[in-house]
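There are two complexes below, and they share chain A, which is joined by chain B in the first and by chain C in the second.
On to the complex of A and B.
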């Protein structure tokens, strides 16, 4: 098992190298330069380029970046002067990750419960209502929902604060809901269909024939078996949530990493683009690794090797 | 012989579907005596499996059972039970062995735990005690080195071993009635024999009654004390195993026995009953078997035959037994069986 995890981590590093390479050269194709202020004299521009190492040949820039990245040095932001990228990410990623983790827990737990309820009430009213809710949850974009939540609970009935971060837990409630609805809806639908399949399986028939109650069957047999495919869904979902949502962070004025990533692209802030891309890629692969490990724990038929 | 532990009276089971009402069981009555094995045979769709599911209270939600149907077990009508009362019957007083061992065990639960589950439920045993008893049960059903395998998961076991585990689960709470729904169909022949021998042995040890559902007459001959033949949701003939095998009266029973190859069967020939069973959405008038029956009489398409008594233990629902019916000559193989029956009777007399 540990050998397997080490091997997977090795692959993770190799994949990151490929991601860095692809992103680095793709950025060179982008039109424009980071320093397009018309007031800059050619001398000043040359000075700036030299400061950031952009005057070197491309292969040397690439090598320098790789060597730096290997040492944990992701360069200095062009946009926020003298701010190392690692520091920028280090400040902003925890904010996004905390909010994302909160939304993930709320969304997945709600989805697991609603999916099971829906499956046990297959084709009756409760299932119908949950079906409509989950379809809405999937189709309404989170930023629209965010704005509606701000209007309802910040303006119409001002119960929760609508912006800010780090002062109180209540600030996190609205953005958490806005972020959690879509994962909750997706999980609900997935759990429902998996649970229905599991409840009609032979081993559930056998469990019924043992005299177990519906509740015992769901808790002891159906949940565990339905979780196996659901886990594969949660991995990428977690990666997406933990790395922040640009629009939700914008609406609720949350100083997360999502906002920073988007702003770095028009301003050609190469080191920040690179840094955030690496973080996203690493997070996704790490979550998939965690998912695989969890799957092996839940499903005895899966062996990690 | 008449010490019935279970009496099924006038059982009807209907399924309400979009296409209409499917009359899956149409007036079935039988007794099950203590310690005996009753085989219910018939082809697919004859209502064997619905009968067993009804006995376990496990029918689909769209099933409806009329009020005059009765399943009498220990002074109560099982059809009056609430779901909670059913739960105390299932796996406890009446247990079931399922058909396919490859799918009927939970792939994510340790086998020992799956055997212990009914004990924890019905005997209120603690987990450790239940697992200790599960180990004994595993040894009882012939699992080698059971103590090493109690924490195995189903995928680590072969089909035959898994079916032994399924048997152990059914026997865990010492049920009075064991329902075996084609328990060997999914197994290869050598393993089949092992499982059947095991069931016989365990039945002798526990003196439980078995309802054995199968379409395999070869298995019936070795296992059953009595046989009920089902067709289109009805029992058409029932009697002791010898009566059914050597003195069959219903043309459907003839057909079933005829389609079983014997040592006399010419190489390359396999007899079959022509046609398919009727649609139970609209069951035919009269004898449901008439359209497939080479010996059908005119009355068969008009009126349903009642049970005619052949002996105290043997009844058949065919107009051929009416005194007004013409004498028919059954297929050659059946005549041979009848001749053998005469010999047996002669020896006994």
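On to the complex of A and C.
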């Protein structure tokens, strides 16, 4: 088990190194510069470049960046002078993480319940309705859902606030729903098919033959085994949440790193773009690693493979 | 005592030959899949809807050229701007009247802005007086173009990569799978944004940026199929007879995984449409006056409170197309592999 975790951690560091290298050199060949102000004199420009370390040879810039990144230092923002990128990200990361975690928990729990209900009502009306809902949930991108929610519950029937973060719980409701629908839909579909499979498996047949009650069979045998594979879905769902949350943070004016990322694109604030990219990639890789380890702990069959 | 055939009478059938005969006609894989797909009403409706939309997107080039949808009369912006949808029928919400937020009565915007009698816009107009209907038609074309070309690129790269990796096996497969693993641990949003930044904003660069992320899952699925198919007898036979690897791939492997590939395509198109909209929302999409469904949504989003139809109409279009692709994809998966869905 420890060998497995170590091996995976090694891969994670190597992949992260590749991501940092790729982003660094991509940024070098990006068109445009944030210093294209015609008012800048050559002297001022040289001074600016010295401030950001852009006058050094490329290999030294790369080395400096790599060493900095290993310490969590991603340089200084072009856009907000004197603000280290790590500080900008550090302020905003908890907000995004809270929103993402809230959406993931709500989505997965709702999906676990709906999937089980769907499987138990296989091929009747309830199953049909839940099937349609989950297909819809997969088809509607979260930012469109966010816009529709703002329109319905912010303007038509002003029940919830539509912007801000951190003042009250009610502010978090609409963005959480917008983000949670897709994980809920994915989990529902997955749990349903897993549970239908396990309800017809040998160990459920045995439990039936032993005379266990229907409730016991479902709760103790079928449902537990259907929940394990859901863990493997968390990685891909987290990736979806990352994409969704950037736009959701825009729509609901939530001060998370997604909003920062989007704002830094038109202003060509390369240090911020690079920093967020690396943090995003690291977060996703870490999520995948954790779910893989959890799966291996919960399901011994995985470890053997 | 020897049994004599004349002593026995065949009951219930004309002859023993007739009994042996299986009356069901032999169906090819595609006929069988089609027969099963037809039973799934939602999938069939989705299929006809998509055929209609694709045909409409092509034919609409004749009666709604891009120039007509982009053009606006700068002298009459005040007259034609932000007109609500008007069907010409007294349907509330679709009669050219709108209740502005805070107002208690509805106003006839067409009359108050002085639009000449008889002129109406079935889906309203945008903030500089262009017909939303025309803009959505043009946007639909661009979005579909981006999504379909990106999917085709994914198809070519994904299938070639997957078949090669699976067929070669050994260390080549190992290295190629590690590359996929590394790429898929980077969020798609980041790859799309980086490429969008690097290539600038043109339709081609948007297509490339989207295509670069979509081929991964295609390659993975095709590789897994290749691994199992290459052990089959017919592939071994072709190998023994001296067929070249590339011919085996084209003639034996790919046709036998066509079902999986088609289902995968059905899933890639909606995600490409979505990523186009995401690019628009982060200012890396098509540049005005060109419209895509995504740019229409993000441009009008600021005015959601006052002119919701400008956002909701292109949004509804985007969702309907994604939904149709996903429903058809689900239907096709069940049709191609009935055992997987037999409950």
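As a working rule, the second predicted complex is superposed on the first by the 290 of 305 C-alpha atoms of A that agree within 3 Å, B and C clash if a C-alpha of one lies under 4 Å from a C-alpha of the other, contacts with A are read in each partner's own complex, and residues count from 1 in each chain.
Rule of thumb we're sticking to: a residue touches a chain if its C-beta (ideal position, glycine included) is under 8 Å from a C-beta of that chain, and two chains touch if they have at least 3 such contacts.
As the structure is a prediction and not an experimental result, all values here were calculated from the model.
Student: Under the stated touch criterion, name the partner, chain B or chain C, that contacts more residues in chain A.
Tutor: C
Student: Touch check for A:266: first (chain B), second (chain C), both, or neither?
Tutor: After superposing on A, A:266 lies in contact with chain C but is clear of chain B.
Student: Regarding the shared-chain residue A:151, is it in contact with chain B (first), chain C (second), both, or neither?
Tutor: In the superposed model, A:151 contacts chain C only, not chain B.
Student: Tell me which partner A:225 touches in the superposition: chain B (first), chain C (second), both or neither.
Tutor: In the superposition, A:225 touches chain B alone.
Student: Of the partners chain B and chain C, which touch A:29 in the superposed model: first, second, both, neither?
Tutor: After superposing on A, A:29 lies in contact with chain C but is clear of chain B.
Student: In the overlay, answer first, second, both or neither for which of chain B and chain C A:298 touches.
Tutor: first
Student: Thinking of the overlay built on chain A, is A:206 touched by chain B (first), by chain C (second), by both, or by neither?
Tutor: Touch status of A:206: first partner only.
Student: Flag every residue of chain A that touches chain B in the complex, lowest number first.
Tutor: Residue positions touching the partner: 201-203, 205-213, 216, 220-221, 224-225, 228, 298-301.
Student: Can you tell me which positions in chain B touch chain A when the two form their complex?
Tutor: Going through chain B, the ones touching chain A are 56, 58, 84, 86-92, 95-96, 98, 100, 103-109, 117-118, 121-122, 153, 155, 166, 169-170.
Student: Enumerate the contact residues on chain A facing chain C in the complex.
Tutor: 11, 15, 18-19, 23, 26, 29-31, 122-123, 135-136, 138-141, 143-144, 147-148, 150-151, 154-155, 196, 239, 242-243, 246-247, 250-251, 261-262, 265-266, 273, 277, 280-281, 284-285, 288
Student: Considering only the defined contacts, which chain C positions touch chain A in the complex?
Tutor: It is residues 101, 181-182, 185-190, 193-194, 197-198, 200, 270, 274, 277-278, 281-284, 297, 301, 304-305, 308, 311-312, 315, 318-319, 322-323, 326-327, 330, 343 of chain C that touch chain A.
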